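Working notes, beginning with the structure itself.
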Amino acid sequence: MELVKKVEIITNSLELPQVLKILEKAGVSGYTIIENVTGTGDRGRVINDLGTQALTNGYVMSICTEKQEHQLVAAIEPVLKKFGGVCIVSDAQWIAH
Amino acid sequence: MELVKKVEIITNSLELPQVLKILEKAGVSGYTIIENVTGTGDRGRVINDLGTQALTNGYVMSICTEKQEHQLVAAIEPVLKKFGGVCIVSDAQWIAH
Amino acid sequence: MELVKKVEIITNSLELPQVLKILEKAGVSGYTIIENVTGTGDRGRVINDLGTQALTNGYVMSICTEKQEHQLVAAIEPVLKKFGGVCIVSDAQWIAH
Amino acid sequence: MNSSLILSNILNPPVLFFFLGMLAIFVKSDLEIPAPLPKLFSLYLLLAIGFKGGYELEESGINPQIVLTLLAAVFMASLVPVYSFFILKIKLDAYNAAAIAATYGSISAVTFITAQSFLKVLNINSDGYMVAALALMESPAIVVGIVLVRIFGKSKEKESEKSEFSWSEVLREAFLNGSVFLLVGSVLIGILTGAKGWEKLQPFTQGIFYGTLSFFLLDMGMVAARRIKDLSKTGSFLIAFSIFMPVANAIFGIIIAKIIGISQGNALLFAVLCASASYIAVPAAMRMTVPEANPSLYVSMALALTFPFNIIVGIPLYMNIIKIMGL
Amino acid sequence: MNSSLILSNILNPPVLFFFLGMLAIFVKSDLEIPAPLPKLFSLYLLLAIGFKGGYELEESGINPQIVLTLLAAVFMASLVPVYSFFILKIKLDAYNAAAIAATYGSISAVTFITAQSFLKVLNINSDGYMVAALALMESPAIVVGIVLVRIFGKSKEKESEKSEFSWSEVLREAFLNGSVFLLVGSVLIGILTGAKGWEKLQPFTQGIFYGTLSFFLLDMGMVAARRIKDLSKTGSFLIAFSIFMPVANAIFGIIIAKIIGISQGNALLFAVLCASASYIAVPAAMRMTVPEANPSLYVSMALALTFPFNIIVGIPLYMNIIKIMGL
Amino acid sequence: MNSSLILSNILNPPVLFFFLGMLAIFVKSDLEIPAPLPKLFSLYLLLAIGFKGGYELEESGINPQIVLTLLAAVFMASLVPVYSFFILKIKLDAYNAAAIAATYGSISAVTFITAQSFLKVLNINSDGYMVAALALMESPAIVVGIVLVRIFGKSKEKESEKSEFSWSEVLREAFLNGSVFLLVGSVLIGILTGAKGWEKLQPFTQGIFYGTLSFFLLDMGMVAARRIKDLSKTGSFLIAFSIFMPVANAIFGIIIAKIIGISQGNALLFAVLCASASYIAVPAAMRMTVPEANPSLYVSMALALTFPFNIIVGIPLYMNIIKIMGL
């Protein structure tokens, strides 16, 4: 198995497309999305009970190399600063098909 | 990036409010929730096909400090003992907005 | 808390039953499932907008021992090779009820 | 047993869709009605029967007969879990016995609705106030069940933990759970808005009612069948209980119906309420208040056995008993 | 105020279901209408009123009165956020003031629909083209709000980031957000298919309309009540704003309605459009374009105060004012 | 081509809503119909047309003409994938050729339903048994596709893996996939409950039918348009295939319809069945049994090209051909 970095990003659903663009620019081999997650943070409670994604969160996870990770984190930071959210990095191993 | 603990808790959806109370008491800066996950454990299969949350699981993840983590784990344990579920802790790094 | 392995598998939803069989064969104590996640990988974009699971992904996470993990990874690899998807392993600690 | 009754029941589209749902699981079709669509149907059905019951109640007004019926309903809902508990205690611990007893003391709204639809096929009248009986019979068993656990359960908990138990939460769970709340609320709105409101909502609450019921029973057939394999761990005692207890409760209900002198149609609905078991509200309450009990026991008994039994065999059987007993 | 108007409003099933939803949260019932079911209802309602409005417009044709009304609609939708902004600036920074101003300049479709249903109870006519006014009033406030931020917001951003701002995205968000798009699209389809199309879709778009509205308001009652605790952080200035501003806007709207001489029913709908605040399209646009503003402020004001106020008190109150002013 | 036919098709609300959905994606509106709501509509449509078809079949009874038509249906469903395969093999490997061939051999239920609605606009009769043809044409192509892969696919798999392949699973996937199962089940229930059942369910299965179809086509327009960019990777050969093959299949179907002498309305439905391609059942089956094939090829061809082509151009075109050929 290959040593990799696992990057997880949680932010407002509306910013999801922007996050995916950043991931693609960093050249990751893929990512996985969980939509309409909720939570609490500095910007208050997020409840998924309005018929809009404007006020829910999106979760994206991507397995990438350490180099890609650095690029990713640098590019994601201003988005999080502006719209809120978190970016979590951890070590992992993986096999892809 | 800051070294942090990632705490993940999976338990019966009905106990979710109690888990969130424990998180807030421990003073974590936020958490993320995925509702209606399913699974299998000692208490049997969980299928999400009844119009009730009584028999589905909730997933909560919180990034916190090591100190908060200790407090959390201690407080969560009796809930898991009584109602079932698991609590997973791992190392990570993060940036928040 | 006990040192454990966290295994995460993301693959086409149709293969979920097969993955669960492998988990059960490896003797894991349980697993957690998130259905209808989406993503991108070598097999292209996955959008959850058709009334079928055929083209969405399933996410399974299982906490297990290192020994079970080895068995799991070996058994999962051919499935991923054939139908696509990824398997991620990381270190964690846990308490179960 | 009168075979035309069985046929009338089975040739009812909702019941046939129930079969179809079961069949889908047995033949391993990948037919799926994903969450939360079934929730839409069940909320709709509660709103619709509540609203209709309220409207009919407003039209008919209250009379002593109604009061008597409602008292009988509360009586049965409180009594059934008590005797069920002692029967179950023969083989089970107090936790599981109480949880199952509560399950059978409470009711299944969709079984009630299917019985209404059966009466409609036979052109037998029933009254709107039976919906009030339905609402009244959902909660008492939860309270009785918890009282039984408090008395008979040898608590493994330390005293400190025991103090956490809160009656206010239990009572809220019992009397304000979603289905009771929506049902009672819709009854009240039906009463308040009367004929005017009925006219406005009728295409929604009545027009598409049987279609939605069919759709919901299609799903329930799948849900029930999915749990049938869980029965293997249940044991023959509980399997027998899931069939015979409903019949006994129904007969008991019919006797009471005869005593208080209610009409054929209402008697069938009352019998069905006594015979049916809860697989939503009660399991949710028991999961929270009696976590020691095994949910897969009480859920699979109510869902995989009693529910299909009542839908397919029970409803015409109870009608037959009612006819034999000359109501 | 004419108490029979209040009663007519309150004894309307949709409004009662709204109360029931609020009550569910207050008594902590576990009643739940899980996502995305409410989305189904809101999409349905937009499609249905759009299609009906289009059909009626096709029947009646266009006349100068209609053009005048639609111009008045755009005028109010652009003016309300401007004066609201300067009132709000007394206590708030430019970001929050602009976001709240935009919220109150735009409209709430379900408030409009509830007012239509109130007119139906009273047998007062209104016209299909008011749906076009509804559609026209949704977007301008978003643009006005962003212009206000651009002028008055002391940008904390560096110049480099500022350049990222794209008007094309903002205008798309304003004029092509899902609800405006579906509404306008359905109006056009209603116009194009006329009486033939109407006949075919009528059981869907009309038959089950009030039932679905009731269901949706049940949910909206829960959604509104859930946000009431957030009001504690809002402060009395904004609480007062959430009640008095709608009334002022409605009166302003009624005066304009009198000047341009539109009928009682249309005047009520116009007043309600002026009085209502957006809690979906505008928050989404503001979250993206003015992330510095606090969503829990503008969402909870519009949803937990203005919306219930309009549904319960506002609609009959504005009707009363219309009657007093002799329209 | 008769322009009034095109107009009749396009001025049909469901078709206009399909356009509206496509437009939503093209202009980047944030309109969204989140999962699983579209599933609700598609299950509803299958249940409704199945039930109606069954009821009509029960009324009309079986005759040799019906048997002949159903045989022709199975014949075409088995033949189309064979000749499609050999055409596709010119440019593609056996896996992709077989998967696409299976896709075009099978059918799209919503195209069929839109054609029914087109016939209704034109007041042309069609028969309930065509729904049985629809059901019969869904599965054979799956089996044919897999047989073709078994014969022509140079398996990269080791022998040990090959043995894992299970025909029973394939046949289950082919004949018991959710849509076939629900459709056939609803037909049978429609037959069994006849006029009585029809009367009860008619407001549900018929009343709200066109509205729900409109809603579903709104979604399908979005789904189709979303895949249009994927076509860039498809290449002109496959793009041409997605348009010309349906027309060829339709003409072939019309010739057969003429030979066996079926009515105009039925002939159109038959042509549409031959012309349409599956984007749900077959892709699911192919994803499992021929994982070597690229799903974005067969899904985007069927969904982004053939489906809109049939809905917008194909249906009136095939009707025109039928008229020209004097059926």
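Residue numbering begins at 1 within each chain, and the chains themselves are lettered A, B, C, D, E and F in the order written.
Keep this in mind: a residue touches a chain if its C-beta (ideal position, glycine included) is under 8 Å from a C-beta of that chain, and two chains touch if they have at least 3 such contacts.
These numbers were taken from a predicted model, which means no experiment stands behind them.
The minimum number of touch steps linking chain B to chain D comes to 1.
Residue numbering at the chain B/chain C interface overlaps only partly, since under half of the positions present are found in both copies. At the far end from chain F, in terms of centres built from Cα atoms, lies B.
With centres taken as mean Cα positions, chain F sits 41 Å from chain D. The mean-CA centres of chain C and chain E are about 45 angstrom from one another, to the nearest whole unit.
Chain A and chain C, compared by their mean Cα positions, are separated by 20 Å. Annotation for chain F: residues 32, 35-36, 39-40, 43, 203, 207-208, 284 touch two or more other chains. Each of residues 34, 53, 82-84, 90-91 in chain B touches at least two other chains. Taken together, the chain C residues at the contact with chain B in this complex read 1, 4, 6, 20, 29-35, 63, 90-97. Across the complex, chain A meets chain B through its residues 10, 34, 37-42, 57, 59, 73, 76-77, 80-91.
Those residues of chain F whose C-beta lies close enough to touch chain D in the complex are 35-36, 39-40, 43-44, 47, 51, 172-173, 176-178, 181-182, 185-186, 189, 192-193, 196-197, 200-201, 203-205, 207-208, 284. Note for the complex: chain F touches chain C at residues 35-36, 38-39, 42-43, 161, 219, 222-223, 226, 230, 279-281, 283-284, 287-288, 291, 294-296, 299.
Residues of chain E touching chain D in their complex: 11-13, 16-17, 20, 23-24, 27-37, 40, 121, 203, 207-212, 214-215, 218.
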